[in-house]
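Below you'll find the structures, each written out as structure tokens.
Look at the two complexes coming up: chain A is in both, with chain B in one and chain C in the other.
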Partner chain A sequence: MIDIQLDDQQFCWGDTLSGQFIWQSDNPDKIPKSADVLMNWFTEGRGTGDRQTVEKQPLSPQKLLDFQTRPFPFSFTIPREVPMTYDGYLFRLMWELEVKIVFPGIFRPQDRATCVFQVLPYLQRD
Partner chain B sequence: MAKIKLNKINQNPLRRPLQPQKTAEGYCLVDPNDGFNLFIFIFGLLWLAIWCGVSFPMFAFVIIAFIQQPSLETILPVAFLSIFAVIGVVGLVWAGSSLYRVYRIKVGEVILSTYPLYQGQSYRIKYRRKLRQGRTTKPTTITAQWVNYEWVEYRRGTDTVTATHEISVIDLPEQSIMAGANELTYMTQVTVPENAPLSIYAPHNQVRWELRVKIQLPYMTRDTSFFVLQVLPS
Partner chain C sequence: MINLYNAIGLGRNPFVAKDNLTNAEETWLDRGYSTAPKIKAKQLVQILGDKGFGKSSHLNHWRSPTGGSYCYYPPGLGRWKFPKVEPIVYWDEADRIPFIFLIPALLWASLTHATIAAGTHRDLSFWAKLCGLTVTTITLPPVDAETLQTWAIAEINAVTLPGQTCPLHLSIPEAETIIKKAHGSWRSATDYLHIWAAAIAKQTEQNNL
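Coming up: the complex of A and B.
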């Protein structure tokens, strides 16, 4: 099980997206083969779904094991000229942070969790 | 909100519109679609050649037969083949008018002082379209629209289908062109609202800002130029 926590939910171009995730393995004998933290955008709606991984941070499986049940920090910079979060009539574009841990095996079992955030032209602070 | 349908996910980078060229006048963007596709033209020409080459002689033959021996037996083939002859004539007229338009007038281009565009800003835009041959014979008007719309593409069976939804359409002021002009020039100003949706150019899902300029030249052509411009946050 993976629990992701972001320091904020709204970002602009050039902002730093930081947070942490906690991984709790349901089987302590399962050693991950690879692990990544990815920053993606994707579309949903009437059109064919588009998806792009904007940035990817590979994680060392050994380090991940050392951090098990403890917060594992991560940090990204929102690049410039990426599409903004959009909710329209025919489609919507959303951003997510994804943590993916892949285990060895024929069918590549994996633990995966995502957390949605927004990339906006300007921040709306309450 | 449209019903969400999860289709096949494509891992593709953004598909950006054409970028303008920096010139001495400013940023120049040429209409990528001049209405003349060589492959479609060749295919159409072959199709017309076969269609007219078969239907016109047959139509002429049954017409002669009807003239020589008017009867119900000879008029029925005339009525039947007239449909094919009409389709052939319409095809020839369409092909001829397309070629004539390419022959008489070049593609349109817009010139901007700055690019890309930003929210909350106004921009003066110059549209220009030159005639290859001769000059305009009658006065005409140029009209334009500043359109913001969503565009999506998806598969329906074996077909690729597109759908659009207009978010805003702004009609820009008309401009008259006098007779005797060898170049059509249209000056206008477009404003990008502060809270306007920003351009998105995913491969199958896009938010577009488009300038549509329509010209109607009597006895010459009727054509619309489309220019997709990028809008970024202020």
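Coming up: the complex of A and C.
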């Protein structure tokens, strides 16, 4: 089980997206083969969907095991000139932070969790 | 709100195209033609209907328990390929199959006692019977208001968040308006339903601000 916490939920181009996740394995004998934290955008609605990974940060499986049940921090910079979050009548474009842990096996079993955030043209900050 | 559909108790818009989603579960509505054709029955089962009336949906639904190859025939050069013939096989947009391929394929299906399930805009029964196949023709009608309402309710229930009540309810007059705008097409009606749900979610979020 993976629990993701973001320090904020709304960002502009150039902002730092930071947070942490906690991974609790349901089987202590399951050793991860690989793990990544990914920053993605995707579309959802009528018509063919699109999905892109903007940045991917590989994690060391050994480090992940050492951090098990403890907060594992991550940080990304929102690039410039990426699409903005959009909620339309026929489709929407959404951003998500994804943590994916892959285990050995023919069918590549995995633990996966996502957390949605927004990329906006501007923010009213207090 | 990060996900505006949460404002109306939903995880997402209920009418998202299913190929957008991972792990999408199909909400199947029985219109009287849900049973898959018998395999290896020396037959053509053809589904006739206008664009967006549900031909491909029925082929995919039947294929789920039976297996068999799915052959889609696009417009243009992509249609120049010999149709697969198997104990059961699914041809989509079969009216686009070039004639020089269609007749040998139907003959081969007859010789091997295959079943062909075809979605088509044109009646292929004359050629299929000439090649020795039994033909069953299903003509899909345009969607009606009650059917659309029933399906919409099922789709809304499927994405309602646990413990929440969703205010979305498609009335019969609304369903009739959508069907009229969509000219009876399921696909177009679902586009309008997506717009309808998005508008209500946006309005609710605005009212809550």
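The rule is simple: the second predicted complex is superposed on the first by the 123 of 126 C-alpha atoms of A that agree within 3 Å, B and C clash if a C-alpha of one lies under 4 Å from a C-alpha of the other, contacts with A are read in each partner's own complex, and residues count from 1 in each chain.
Here, a residue touches a chain if its C-beta (ideal position, glycine included) is under 8 Å from a C-beta of that chain, and two chains touch if they have at least 3 such contacts.
Given the structure is predicted, the values throughout are model-derived calculations rather than measurements.
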item	value
Residue contacts on chain A - larger count, chain B or chain C	B
Touched partner set for A:I31, first chain B, second chain C, both or neither	neither
Touching partner for A:E81 - first (chain B), second (chain C), both, neither	first
Chain B versus chain C as contact partner of A:R46, first or second or both or neither	both
Partner chain(s) touched by A:V116 [first = chain B, second = chain C, both, neither]	second
First, second, both or neither for A:Q9, with chain B first and chain C second	second
Partner chain(s) touched by A:L90 [first = chain B, second = chain C, both, neither]	both
Doubly contacted residues of chain A, that is, touched by chain B and again by chain C	43-49, 87-90, 92
Chain C-facing residues of chain A, complex	9, 43-49, 87-90, 92, 116-118
Residues on chain A engaged by chain B in the complex (per definition of touch)	13, 42-53, 81, 83-84, 86-93, 121-122
Residue numbers on chain B that touch chain A, as the complex places them	1-14, 119, 150-155, 163-165, 167, 197-198, 200-205, 207, 232-234
Chain C - residues contacting chain A, complex	2-4, 12-13, 15-17, 19-21, 190-191, 194-195, 198-199, 202
